[in-house]
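Next up: some structures, all given as structure tokens.
Next come two complexes, and both contain chain A; in the first it sits with chain B, in the second with chain C.
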Partner chain A sequence: MNAAVPVFRRSRTSKVVDRLMRGVLWAIALAFVAVLILFVGAILKQGWPVLNLGFLTKMSETLDAGGGIKPQIFNSIYLVVLSLGISLPVGLGAGIYMAAYAGQGRALRFLRLCIETLAATPSIVLALFGMIVFVQAMGWSFSIRSGALTLALLNIPVITRVTEVSLLAVPRELKEASYGLGATKLQTILKVALPYAATGILTGLVLTAGRAFGESAILVFTAGTNASAQFPDFRLTVPGETLSVHLWYVTSDGTLPDAREIAAGTAAVMILVLLTLNLLVRLVDRAIRRRTR
Partner chain B sequence: MPEAPEVSIAAASEGGYPVLKEDLSPAGAGVPTFKHSRLQRLADRWAHLGFLICSLLVVGLIGGILYFLATRGLAAFLPLAGNTGRALSFSEVFLSADWAPSSDRFGILPFIAGSLGVTGLALLIAAPAGILTGVFIAKMAPAWMRNLMRQVMDLLVGIPSVVYGIFGLTVVLPLVSRTWLADAPASGFAVSALILAVMIVPTIVSLSTDAFESLPAALDEGAQALGSSRWQAIWRVLIPAARPRLLTATVLGLGRAIGEAMAVQMVIGNNPQWMALMRESTDRAPFLRALFTPAATLTTELVQELPNTAAGSTWNNVLFAMGLLLYLLTMVLILATRRLGRGKEA
Partner chain C sequence: MLIPTIPETKPIKLSVRDMAFSYGQKKILDGLSMDIHAERVTAIIGPSGCGKSTFLKCFNRIHEVAADVDVSGDIQIDGVDIYRGGIDVVDLRRRVGMVFQKPNPFPKSIYENVAFGPRLFGVQDRATLDGIVEDALRKAALWDEVKDRLKESASGMSGGQQQRLCIARALAVNPEVLLMDEPCSALDPIATSKIEDLITELKESLTIVIVTHNMQQAARVSDYTAFFWLGRLVEMDLTERIFTTPKVQMTEDYITGRFG
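After this line comes the complex of A and B, so read on.
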């Protein structure tokens, strides 16, 4: 402590309370660390005996034991890619509009309100919307296309938000230099601002992919709880049960004799995928920071 | 935010652009004006239109969701041609606890009460724990612990709800039932709320960490210079100063909790008759008993029954009305966070 800083004499109770509350705050924080370790540990431990190459590469069963999760892995990836393909252009466009065109006034505030509302809308409500519009009104029934479009609704607000924030963080000098060299607004956005913001947007994209990968409520009501018997089945019109839906369905349906094992294995696979994604984001982030430093 | 220039000459002078003063526009007096080619000007204008359409799509979605949910949800109350059942009155739906769809009785009070109950309990755990963790990360933890906590919260928020559900089902429920309930089933509000609390805590933590970090340093320094201990500064100065944003964090956590479907559905027991069960019970500790009574919420009932009902039936329409209720609630909560945010500036 600096010599010039006055030293106070505190009452004993205030000292005791201070020490006690420091302990409480540390305990709460460490409790969350413990919860996470316990959680991941339990899921991996339950799933470990089930995890083997056969489980990952066999087709799933609907009535008999011994099924794998190959089609579900495919459907999960396929739906995430499709939904990102739909939501990325829309989210980027809306984000660019908000950062570069909407001004600072009422229009921007209203757009942000809409994005926040969409982001906070429960996925079961999006599922109902997708069910009314895509499954029933368009007559697409439970299919990959219904699922991908509804899942895109979940991604759009996140991508928009990330794009807007990353663009706003672009240094003013960079844009001014671009304009000073005679670039148009579009050129400045595409060739200066977006490349600078790309890493932020990319990180957001990976997180969005993780969220879409884990989503279940939306897909139960739009992509259905059946997986195609063909593999790989790229058709957009067939039902596409994903890993998360499979996990939920075998658990709540209960016709599979080995539902418990299948669910445990699926959960472990999902946790491993998400841990890998998380690590990926961290590594990319670190690499970029080292390069820019 | 850097000072925004009042007029942007370059933009204004360029082919009928409205005067924009935002971040990415050429701005400031004395900026040279360039003559752009026709193609450049055309591309600029079309891109502007394209970006605008994307934004309008988002606005349209908000309205579209409301419209489609309302057409189906309100159909339960209107004598429409496509309805197979009779038109219900609002009071027999929203004020009645009698849910017996096969006997034409559609009181959804158990689900509203269930949603409020489980959300309230989850917040009771998650709000204090989340806010305290937020202040811990922002104002107390050493750097390594701060980093660790960020990673823990990132992972917790990334875990899918079905995985939370399976954890609750296979680990928490058996554990609680074995240790406290003499092997009686443990599904109900208590375990649901516990799982939900862990699910929403990252939201509350990250927003309240931001809230504490954005407080002026002078507040903390002033409190310490006046002789307050670490905890006194936190409790008497920092938490009151951050209150509007802490409330916003709590409201957003509430929104996440009330809308969560799959995880809760897997552990709550899915019993629409839970209120009747409670009323008839002669237990001497009704509150404690309620914690472990299988129950149901708006979201769990949707997941449970929507696949089994025919489109256009009164039953189906009432389920969509429950979805509409959830959506309207989301809107109210978001508007509430706006109110809270405005209170901060005043």
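After this line comes the complex of A and C, so read on.
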């Protein structure tokens, strides 16, 4: 054996520290999951007695007990779909532009800064902006269209960012292979980059949908706190109270005798929808992965 | 500049005259001139960082995808300048195919990988596509191994199969030139020898330029060998002569392993 080379041995303390850290990280993760379970459990426990077919399928009441949340469920879904319908093409286009067409210069950095700022803007600020512009200046009052457009402002930066990041993560080798065969830039984006980035973009899209679904501040100021008496009411000009707005409104207004029960039930429904949505992300993600990789 | 002196019966396919290549402020290649003959295999050898791969990429202008570069001098394909001759870069890349260092199949099925190129150029008819795919896979000596699993994902193949798939994919658009950038560096010896056999078959109808770190490989597959050093062409000659009686001392030192 070469005497100049010392015998390397792992020190005892590094082993102990390694074990210790593993334990600490485990404990943190466990505590977090425990809090989450308690939280969701408490909401579902309070909401469960209220949850029945009548609650889900009856129109809401404004003064009497025993109202349902049918129009609010409809409005929540309708607003999420409308806002995504606006923000998906815009965000996708902006993300593709930033990842593939914009140069690496100062303009792109500035654009990225703008988008990140917009993404970090508190929703109450967007809410007031939406109220001033759509509700008042445009004269659309509290309506589905005011709500959907303002909600789209919340979604666009997130979808843009997710699209850009997913596209930048496409391996250079794949793009080179595509260009090497004579593909144009657009063909490379459409046939190679976007399919590869699809899981990332879809995941981001569903998360955005979840955030829009739970959003309240924006909708209180733009879509209003009233639900149409018709069902289903697809008009864009009528107010459209959503589940989260309803939850806030009944508890703060206080005219409903069964406000507590309604709030508990509404919260439970929202939690269940969000859980389903997140499960959906995983399923979609797995399906796409299996197909393309 | 040394140019082979034996009578060559094949026409010149690619010609390079006094070419220089810079990336930003950095000069990668300088004062390069050479002729590459049709239906011959030309190997480019030299130590890492000597500009071999960069040189290869100039022939299909693929480097333009990643960065701003400056190419001066003349590179011609069949006598037409590929940088200034009014050639459409998309058409150039169809005519000059490329196989990369690391196998890079698309995350699609085997069939879709090969059909990708023809589809770009508007081939939609299923029977025509089937024919092109089979033909390309046969030329790449892969057909018998994959004919029963064309719909399966390419990522399930071995590295050697993936690289032959990439060759098939390049062949499917009927190129005139095939550029190979160290195509065997990620492969085991058996897969490597399959690719080498393939190169020898393909040169019947193609012009092949191959960058390699493997001296034996250059000796086995190429007709001509060019030795690069620090962005310059030191010597180019018939492979046989480069490996037996090189004219420049540095070439001999490199191929005998004294430096590099």
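Operating definition for what follows: the second predicted complex is superposed on the first by the 256 of 293 C-alpha atoms of A that agree within 3 Å, B and C clash if a C-alpha of one lies under 4 Å from a C-alpha of the other, contacts with A are read in each partner's own complex, and residues count from 1 in each chain.
FYI, a contact is a pair of C-beta atoms (placed from the backbone, for glycine too) under 8 Å apart; a residue touches a chain by one contact, two chains touch by 3 or more.
Values in this document were obtained by computation on a predicted structure and should not be read as measured data.
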{"item": "Which superposed partner A:Ala177 touches (first chain B, second chain C, both, neither)", "value": "second"}
{"item": "First, second, both or neither for A:Ala94, with chain B first and chain C second", "value": "first"}
{"item": "Chain B versus chain C, judged by how many residues of chain A each one touches", "value": "B"}
{"item": "Contacts of A:Lys191 with chain B and chain C, given as first, second, both or neither", "value": "second"}
{"item": "First (chain B), second (chain C), both or neither touched by A:Leu44", "value": "neither"}
{"item": "Which of chain B and chain C A:Ile86 touches, first, second, both or neither", "value": "neither"}
{"item": "Which of chain B and chain C A:Ala120 touches, first, second, both or neither", "value": "first"}
{"item": "First, second, both or neither for A:Val206, with chain B first and chain C second", "value": "neither"}
{"item": "Touched partner set for A:Ile288, first chain B, second chain C, both or neither", "value": "neither"}
{"item": "On chain A, the residue positions that both chain B and chain C contact, one per complex", "value": "172, 175-176, 179-180, 182, 184, 187"}
{"item": "Of all residues in chain B, those that touch chain A in their complex", "value": "2, 4, 10-11, 20-28, 31-32, 34, 36, 40-41, 43-44, 47-48, 50-55, 57-59, 61-62, 64-65, 68-69, 71-72, 129, 132-133, 135-137, 140-141, 145, 148-149, 151-156, 158-163, 165-167, 169-171, 198, 201, 225, 227, 229-232, 234-235, 252, 255-256, 258-262, 265-266, 299, 302-303, 306-307, 311, 320, 323, 326-327, 330-331, 333-334, 337-338"}
{"item": "Contacting residues of chain A [partner chain B, same complex]", "value": "6, 8, 10, 14-15, 17-18, 21-22, 24-26, 28-29, 32-33, 35-36, 39-40, 42-43, 46, 89-94, 96-104, 108, 110-111, 113-118, 120-126, 128-129, 131-133, 136, 153, 156-157, 160, 167-168, 170, 172, 175-176, 179-180, 182, 184-189, 193, 207, 210-211, 213-217, 220-221, 244-245, 247-248, 251-252, 260, 263-264, 267, 270-271, 274-275, 277-278, 282"}
{"item": "Chain C residues touching chain A - in the complex, by the definition given at the top", "value": "60, 62, 65-66, 90-91, 93-94, 97-98, 100, 102, 104-108, 116-117, 120-121, 153, 155, 166, 169-170, 173"}
{"item": "Contact footprint of chain C on chain A as seen in their complex", "value": "171-184, 187, 191-192, 195-196, 292-293"}
